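My structure is below; once you've seen it, I'll send some questions.
Just so it is clear, A, B, C, D and E label the chains in written order, and each chain counts residues from 1 on its own.
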């Protein structure tokens, strides 16, 4: 079945996009238990800044680097100016802050740049690559590779490094983290910088495929959030698998069942998975004795 | 027939048999203590009896009825209540409201009655409030009633939990280290409270590491080690049991010699 | 005599609703007021679900959608009076909440959030895809409630915005009264208890799954009523009413004002309803200012506007 | 080593500490006894930086640390085993211990961990399990061991014997005693006042946010007021 | 001073449409005022951004009539927002010129409601005419699930039979989707499909076009008037967009219009002014707002009064007014005043537009 192959390739492409966004959620979540609803805006900023730097005449790689650095700076600013001053606030309040931040960032982007759709050229051309009877664009391979690399980096970070453990410790018990000498503010700053950078990287990689505009972030954040929950929030493995699964589900539903209800089917599957595994596929069950 | 009886109860976590084939029973008005080293399985035993965990093997009988695996609220309806080693306080409520919550079963009516504030609902709330104030006075928290529960010190929270557990028309009371965090004098107060409750016909199951207290008030002691019952009997006999001394009590004593007097 | 929190809240609300119209420069303000009340009704549901019981829902607009479309469709297809249709919608929402709530309320925190989000998206997707029934993304007309005409016959003549202002205000008052009754009732305490500790709540006899379900159903009815009010007032409704943006907006209103407090949440609804009207003067800067306001309120008044201000005022919680 | 002068602290509008004065010499073991709600925990939280102070001074090794953030105080040698244990429930036992030595990356960390395992063998058995699954007493051991991993020169213990079996209570007091040989200063808050005064050099009695008595451990043990109010004799 | 109200979706999911509309209105009012206004009076534009939310649109409409006391309303970027403004305008008896596509807006005729864009049905008819000309009788349709796509989809299904066209494959995509290859694969796999029609706006059509080229579907691709802007060619990539056909307005091809074309002067002037002012490419949607304001100003001029009733009557009497979308002639039973000739069939060749008639 040649269609199946095409559906799979489409699913993996879209899934890798979701996975990248979902991976961006992990670090901030792991440091603070906060799902950062401005994560989609980081993706958008990555794309938009690259577009404008590129159109201003910079070479694409340099434009991308600038975008990632600038977005990381925005992440740090968000932490310093909004999250840190709200220290000790309940998690829902922090979430509302991130929603406010996402509206704010969108508003500023639309003022600084514009409300148009934009795109820059694919890194290595638009000549479709044939795989069996199906095709995939080279840019999709970039996105897939990006997702896998970010996953590996994050996985090593959280399992192999003391800093990674310090991030986990900070969300698990902030008081105790301070007692063992972890500078929790610094951990938060680091997390926002990394999350934002990953988001921006995602934006750079996906813009040639999805295009970008000031309001692209909302939809991506939502899908990325769903993917992260499907896989188990906080676990890089979950983000990768959740993203790919969500993409594949959508593509296969669109291909075989109904393109109208593909998002619906995806959500129904997510619900079904969560009923069986309330912590997502790879989420760990927090053990709390009474 | 005993009020609470446990037969061959067991559970495992991963490969670890946290509790293995433990049996005993408690009669009305009796205080049975479960002691044993840290990690012996005492809290786990409590969790199985009170429906927080579902045991892998064995039976729990309450008043003759097999209640194994019943969820806590069903057990509460049958007269079981408990306190927790890791405090479970309703942080978002006042001290008084925490205590009122203990009366949930007696004040509960229909949701609609509550929504429309019908007189019956209001009366039940009022009764629960009165009862709760009495209980708070009994554990020495009368003055703290209107404070947010989160602002109490550790010892005060322990006593709040006891008050909450006493609120129900309790027949069986499970207390997990009620005196932890209390000094000798405060412990003695809790002592009296427990003895008083037992005297009113409640069956009490107690976990406590304060041996003075355990020896003083228990009718019967069950000793666990590594999930297995290693001894049981009268306090005096148990405290002389060499196995219990080796596994749990230790040889040196930190108590002043006349402390038991 | 000292007034209880409940009496004070209701009194303040009733006074605000009755007195502010004297200061309205134009009929437009009745429209804004009525929208505030409509949002307020939905937010009260969030207060019960999130503020009391601690359960997050990002899909409550789905119930608003059910209420709105029931009010739109039942008169056409079942020949019901719009008011009856709205009640039918509330009933339907309750049933749907009951069915959906059973499985998803087993989830916690963000997992519950994403499941409810999925539910909301399903509803809005059906509303916009099944165009033969719902009119699709472009929406559908809603029959007139007819109450205004009835009042006219009774000699009480109100313009449409005026009528809806007072009607929605009344609905909000009733909603607030119910929510306040609940707060200090056995059910309300059970909800707040399970918010604090599910295990402890169940050991005092609270049937936790059932209590959560009750909160979910009640809050769904609130959302549904809000959707119906909106549809009847606008006489036209689109699937946007069920969209996730609306869900998030409802939660934001509740948290911004103070999710645990009835008056606070209505405050929150007020802010997010009025703000866009005020912010039009900033034109392109509207979004920037809106985001900024949200952040600042949460940073400096982290428990929500009203509770935080009360705390400043009295030195303790509201 | 540690001097506290006129220390005040408040929760919102309610003051919990009304001017505490105390001092601990290097290598000393000092205990604080007091009833529930006296403010012992609040005092320790002020010392470790978890609780903001509203007045007074904390001088540690000659420097004022009242304004030093909590995470920097460990670096200066001040470690705490807090009330309520505060372990990292989602991390493994070993990760908890490793994080206790967060500031260090040298080889001694392994040695310290080995010492911790020797002190509490059960922790070695459970090293790869999530700490949240430990029993109450086991968590208490972990909290103490984790504080020791920070190589403190001054150790703050908030009710370390709470929830421990009698045999381990003895051991904990032995550990405290052994700190003397390691030249570690200890501030011990205990409800087991008899045990605490037995190992301590000196003691303070705290009542509703104030120090009401101080003296050598022997003096306090012999004081009739202390015996009646805290020892129950 | 004459107060004119507008509520458009300058932000939100329809900002692609509403943003150029807002900018156009602001620009033109400035221009008109600079030239002395209408009937010697200055225009005052009260402009609100409803974010595409029908409920907000209704609130702003109420604000416009009750608080700002405008004499006419322009706006309703989407059909949803338009439909919720209509009752307000009718109640308040204020003329309302909509910028949305659906035929329901003016059919049946509502006393106070007019609109400037072609109906979606007309776009379908224009496309089907071209297909018929090319002997295409079996097609695949792919449409966005947003209001624009769904509405046009509905209209196309309704009129396809009139042109002997069978819709053999029918797919949709979400407005924010990143990849449409599964849907296009299915269409490609449907036997006998001779052309594909995409109804949608925003990034969807660009992605469809790119995926279409990636899959080498091999039959003609028709886009709708929803993509009508130069930006589309850039976003889809000139190579992928090569050969795409769509019904567009004169505005898009201002540069290559025949010199005698009646619209040439108007579209060239608007295009130049807009692109100078905003720095971005002109789009059909801004043109809708342009026409709406022109019609309104023309009516006020002819009425010689700024009374809503008089303005309404004058709008209904609009005749031969040259706009960007066509030449408008309204009547009591035609509140649109455009016919199919206003659409031009365009094809993308070598990265630019060509007229194929």
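Everything that follows uses one rule, which is that contacts are C-beta pairs under 8 Å (C-beta built on N, C-alpha and C of every residue); 3 or more make two chains touch, one makes a residue touch a chain.
Just so you know, these numbers come straight off a predicted model, no measurement behind them.
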Topological distance between chain B and chain D, in contact steps: 1
Labels of chains that are neighbours to chain C and to chain E: A
Chain located farthest away, centre of chain D as origin (C-alpha): E
Pair exhibiting more inter-chain C-beta contacts, A-C or A-E: A-C
Where chain B and chain C are represented by their mean Cα positions, the distance between them in whole Å: 42
Whole-Å separation of chain centres (CA-atom averages), chain A against chain D: 42
Separation of mean Cα positions, chain E and chain B [Å, integer]: 73
Centre-to-centre distance between chain B and chain A (centres being mean Cα positions), rounded to whole Å: 47
Residue list for chain A, restricted to those that touch at least two other chains: 110, 260, 263, 288-290
In chain C, residues with contacts to at least two other chains: 129, 199, 286-287
Sites on chain E at which at least two other chains make contact: 11, 145
Interface residues, chain D side, partner chain A - complex: 48-50, 69-72, 74-75, 79-80, 82, 86-91, 95, 98-103, 105, 130, 132-136, 139, 146-147, 149-150
Parts of chain A lying in touch with chain E, wherever the complex brings them together: 3, 6-7, 9-11, 13-14, 17, 110, 114-119, 126, 128, 135, 137, 206, 209-211, 213, 215-216, 219-220, 251-252, 254-255, 259-260, 262-263
Chain E contact footprint on chain C (complex, rising order): 25-29, 31-32, 35, 128-129, 131, 136-139, 141, 160-161, 230, 234-238, 240-241, 276-277, 280, 283, 286-287
Residue numbers on chain B that touch chain A, as the complex places them: 43, 47, 52, 84-86, 88
Residue ranges of chain D in contact with chain B within the complex: 11, 14, 33, 35-38, 41, 83-84, 122, 129, 133-138, 140-141, 159, 162-170, 173, 191-195, 198, 228-233
